[in-house]
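Structures for review follow.
The two complexes that follow have chain A in common; it is paired with chain B in the first and with chain C in the second.
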Partner chain A sequence: MQAFKKYWKIFWRFRKLELMRMMEYRGDFLFWALVSILWTGFNFFFFSLILRVSDTVAGWTADEMYLLLGTFTLLDAFTWTFFYQNMQRYTRHVFTGSLTMLLTKPISTIFLLTTSSNSFNNIFRFLIGCAAIVISLHRMEITPSISSVVLYFFALMAAALFIYAIWFMASTLSFWIEKLDNINEIIPGLRRVMQVPRGVFAGAASVLFTVLLPISLVASVPSEILLQKAETKWVVWLFVSSFLSLLLARKFFYFAIKRYSSVGN
Partner chain B sequence: MSQPVITVSNLKKHFTVYKKQPGLLGSIRSLWHREYETVAAVDDISFTINQGEIVGFIGQNGAGKTTTLKMLSGLLYPTSGSVSVLGYNPWNRKSAFQKQFSLVLGQKNQLWWDLPAIETFLLNQAIYDIPEAQFRKTLNKLVNLLDVKDSIQIQVRKLSLGQRMKCELIAALLHNPKVLFLDEPTIGLDVVMQKTLRDFISEYNREFGATVILTSHYMDDVKELCKRVIMIDHGKKIYDGLLSNIISKYARNKTLSLVFSESVTKKSLTEFGTVKNWNGSSATLLVSRKEATKIAARLLESLPVQDLNIEEAPLEAIIREVFGNKAKSA
Partner chain C sequence: MNRIAQQSNFYSKVIRFKFIKALQWRTEMILWILLDIFPFIILLFIWQSVLSLSASPSISLPELTVFYYLVILVQGFTVTHFEEYRPEEIRMGKIDFFLIKPYSFIQEIILNDIAGKLLYILMISPFLALLGYILWHLGLFAIPALTTIHVLVFVCLLLLAYILQFCLSLLITMTAFWFEEAQGLSNLKILVISLFSGTLIPFALLPEWLQKVTNAQPLKFLFAVPIRLIQEQALPTAQDWSMLFGTLAFLIGTIFLLWQRGIQKYSSAGG
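And now, the complex of A and B:
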């Protein structure tokens, strides 16, 4: 309990430091906030074009698709807020040797690498995502039960942890591949897979993106929970794969740290 | 007799490094074929350090000093050998161990660049579980000792190198570490700031009984702070003992400075030793260390000597010569 309190306190101190830093560079914040809003707007616009020529996408109606996009936007804003900068820093720490300073601290290095930074640029995307979910549910005249809403948030959390785990493992490769800046573009590149219904994928792609690397489940399964059409096996697989990938990410990090050679000084 | 705080036995660290052939062709070749070689950064080093000692690590660039410090801090896993610091195996990275030591790398920083240093201090207070009263007391003491009361409220990126280094030291010492690894803490600082930091390290060692390992390329740092030095060359320990004994072990010559009452020729001096300087009325001779007293007596008898001084060679010159000879023989 004492340890949890300590980590909780440090987590919020990091948020405070980042908030202070953001206020030092408010122009940068406003610009990136605008870029992220535009990006989200273009994304909705792109799918609206598809839905004009096709009534459904893999069996999902337009309103269901907007619910899925809303869920994806929430998830994406969250991962962009907490993971992108930290993973960029992680690979840079390994490359420049500044990981040294983190490793001497009497606190989990994974915690430091994962939580020390964040951005606030995506805060408006949270609001857009929430608005898309509420409006689409209203249009479909669906009032989800409290248990569905609770399960939805747990599923979103599991999805975020799954993305975190695979991103962290990819960044951990920087212990072997010295300059790995672009790894931080590969995981976001998979976002195209996340924002379409899992039914879009067939054959080998389906096995790859729903079973082996279940990235197509991260927005689809929570959305299906709200739409009351979720299949139990996929809900369970989302939670199980998140848990397993987190364990694997942790083991991989401790394996990698043994071959850390720092850099010359 | 104080207890050993640091015990190092047969410590080795080998790195595999990639050897790139020069030029564009070399880069293209390296795409499918890379040559690697194993470098012994630390090669079978053993020593013990007692509580409260300040020990200087001396060696050329790439000698293995920082690699040793990183292994003592638990950052690098050794190829073989064992280390105990404060009774802990550093590679287990126990929180209880990490709360008792600090590593300061002169070329790396832990301060948050865009924020005032006080914010990093507060973060370290949370990370190291420092109680509020102890934190305030230690912070006030360190801030006063280093005279940075105003600097800690200013964004780190706007501080001078000297002010920043002082703040780095405060960040590293807030938890009152029992063991301090200082890797070139005065690098890039002007002589006044170097002196301030040296005085501070000495004061910290006295007040807290801290054990300190210091690496520095500035001999003034070593001379002022360390009674004992460990010399490392190409990963091997070549000397471990009192700084003052380096002179008796490695210095081959002494310098005789002579002032004459009448002009003497250069030729008349050559039979006594190597003439370094000569202008007729004064001269400087390099003579064998063992024979220095006898040669001085002979000079007084045979030449019109008005004043004579026998001096040891400067420590810097001796160390330069030691590493120079090793490099030639390598």
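And now, the complex of A and C:
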């Protein structure tokens, strides 16, 4: 409990520092917030074009699709807020050898690597995601029960943890691969898979994206929970796979760290 | 004549040197290629699910496949990204070196980008060939019947689209003399191009207002015009050519004006 308190305090201290940094560059914040809003709008527009051709995507109606996109936007805003900068710094630490400094700190290295930084540019995206969900539910005249909402938030958290774990594992590959600055683009490169219903994928692709690497579940399953059409096995698999991937990411990091070296070590 | 030969020799040597230098980033380049191709494959899944549930689809899956394949091809051959890091060099005062040499910053950008592009084309070509073969094998890819004229015009359009992309990137880079967020403009560039150049979905499927907007401005030469040339055998009109060359002339003029003004304003520590 004492350790948890310590980490909790440090986590919020980091957020305070980042907020102060953001306030120092207010113009920068506003500019990037505008860019992120435009990209979110663009994404919704793209799917509205697809929905002009057919009323449904893999059996999901337009309103259901917007709910799914809203959920994806929430997740995406969260992951860009907390993961992108940290993962970039992580790989840079490995490439430059400055990881040594972090390894000697009296605190978990993984915690330090993945929580020290964040950006606030995606706050408006987060709000757009929330608005899309509320509007879609209203248009479909669905009032989710409290238990559905609670389960939705837990599923979202599991999804965020899953993205965190696979992103962290991808970044950890930097211990083996030199001069690969775009290693942190692998997971963002999979985002298109997260934006669509899992039913889009058939055959081997379905096995790959729902079972082996269940990224197509991360926005689909929470949305299905709100739409009251979730299948228990997929909800369970989302939680289990998140937990397993977290364990795997941690083990992989401690395995990888054995081959780390820097000047002076 | 001798001077031209000397200059050509110099430029080819620099390009060769830059090409060798770019080779050290080959793994990164392969990853970029895969990241470019991957969303295309996902889009095919999305469209397959959309069309399978549509009672009377206005387009077939093979047509869509060829469209997105051409998007990747045109993108691979023409897109430039140097505006993502070059503005930093101006803002951090790292271009002094080019101001005192008979080799300007703009020349450096041009030659570096040509070398990088040549390498990228060399590397993406086998991937595109393999992808085309797999799609053809799956019955999703029909090679359109084209005349020599169409092929020549297509190659010409690719070259001009590359110059247009290059000019837009250079224009953004030049704004770094005045504007701190020049790198961020790169994001806006991608957004505007994605929206108004005809990369999203085939032109015929766009809403009428977006078709009109796309047709009325020169960004259509980046994707819509070359793709329609292949898919619909629609050759650009004289009006199209004049719009394209007019835009290029305007952009090149603006770039040189900004460069002239910019270097007067430029300062660096010790510079």
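The working rule: the second predicted complex is superposed on the first by the 262 of 265 C-alpha atoms of A that agree within 3 Å, B and C clash if a C-alpha of one lies under 4 Å from a C-alpha of the other, contacts with A are read in each partner's own complex, and residues count from 1 in each chain.
One rule holds in what follows: contacts are C-beta pairs under 8 Å (C-beta built on N, C-alpha and C of every residue); 3 or more make two chains touch, one makes a residue touch a chain.
Since this is a predicted model, take the numbers as computed values, not measurements.
Participant: Put the two structures on top of each other at chain A: do chain B and chain C fit, or clash?
Facilitator: Result for chain B and chain C: fit.
Participant: For A:Asn182 in the superposed arrangement: first (chain B), second (chain C), both or neither?
Facilitator: The second partner, chain C, only.
Participant: Mind working out whether A:Ala205 is in touch with chain B, chain C, both or neither, as first, second, both or neither?
Facilitator: second
Participant: To the nearest 10 degrees, what angle do the lines from the C-alpha centre of chain A to those of chain B and chain C enclose?
Facilitator: Approximately 90 degrees at the chain A centre.
Participant: Now for A:Thr143: first (chain B), second (chain C), both, or neither, which partner does it touch?
Facilitator: A:Thr143 contacts neither chain B nor chain C.
Participant: With the two complexes superposed on chain A, say which partner A:Thr104 touches: chain B (first), chain C (second), both, or neither.
Facilitator: So A:Thr104 only meets chain B here.
Participant: Report for A:Leu17: first if it touches chain B alone, second if chain C alone, otherwise both or neither.
Facilitator: Only chain B; A:Leu17 stays clear of chain C.
Participant: Does chain B (first) or chain C (second) touch A:Phe31, or do both, or does neither?
Facilitator: The second partner, chain C, only.
Participant: In the three-chain superposition, say which chain, chain B or chain C, touches more residues of chain A.
Facilitator: The partner with more contacted residues on chain A is C.
Participant: Report for A:Lys258: first if it touches chain B alone, second if chain C alone, otherwise both or neither.
Facilitator: first
Participant: Considering only C-alpha atoms, give the closest distance between chain B and chain C in the superposition, rounded to the nearest Å.
Facilitator: 5
Participant: Show me the residue ranges of chain B that touch chain A in the complex, using the header's touch definition.
Facilitator: Touch list, chain B to chain A: 15, 62, 66, 70, 73-77, 93, 95-96, 98-99, 101-103, 105, 107-110, 112, 114-115, 119, 122-123, 126-129, 155, 183-184.
Participant: So in the complex, the part of chain C that touches chain A is made up of which residues?
Facilitator: These residues of chain C touch chain A: 24-25, 27-28, 31-32, 35, 38-39, 42-43, 45-51, 53-54, 57-59, 180-181, 184, 187-188, 191, 194-195, 200-201, 205-207.
Participant: Any idea which chain A residues touch chain B in the complex?
Facilitator: Answer in residue numbers: 6, 9-10, 13-14, 17, 20-21, 24-25, 97-98, 100-101, 103-107, 258, 260-262, 264-265.
Participant: Looking at the complex, which residues from chain A come into contact with chain C?
Facilitator: 27-28, 31-32, 35, 38-39, 42, 45-46, 49-50, 52-54, 56-59, 177, 179-183, 185-186, 189-190, 192-193, 196, 199-202, 205
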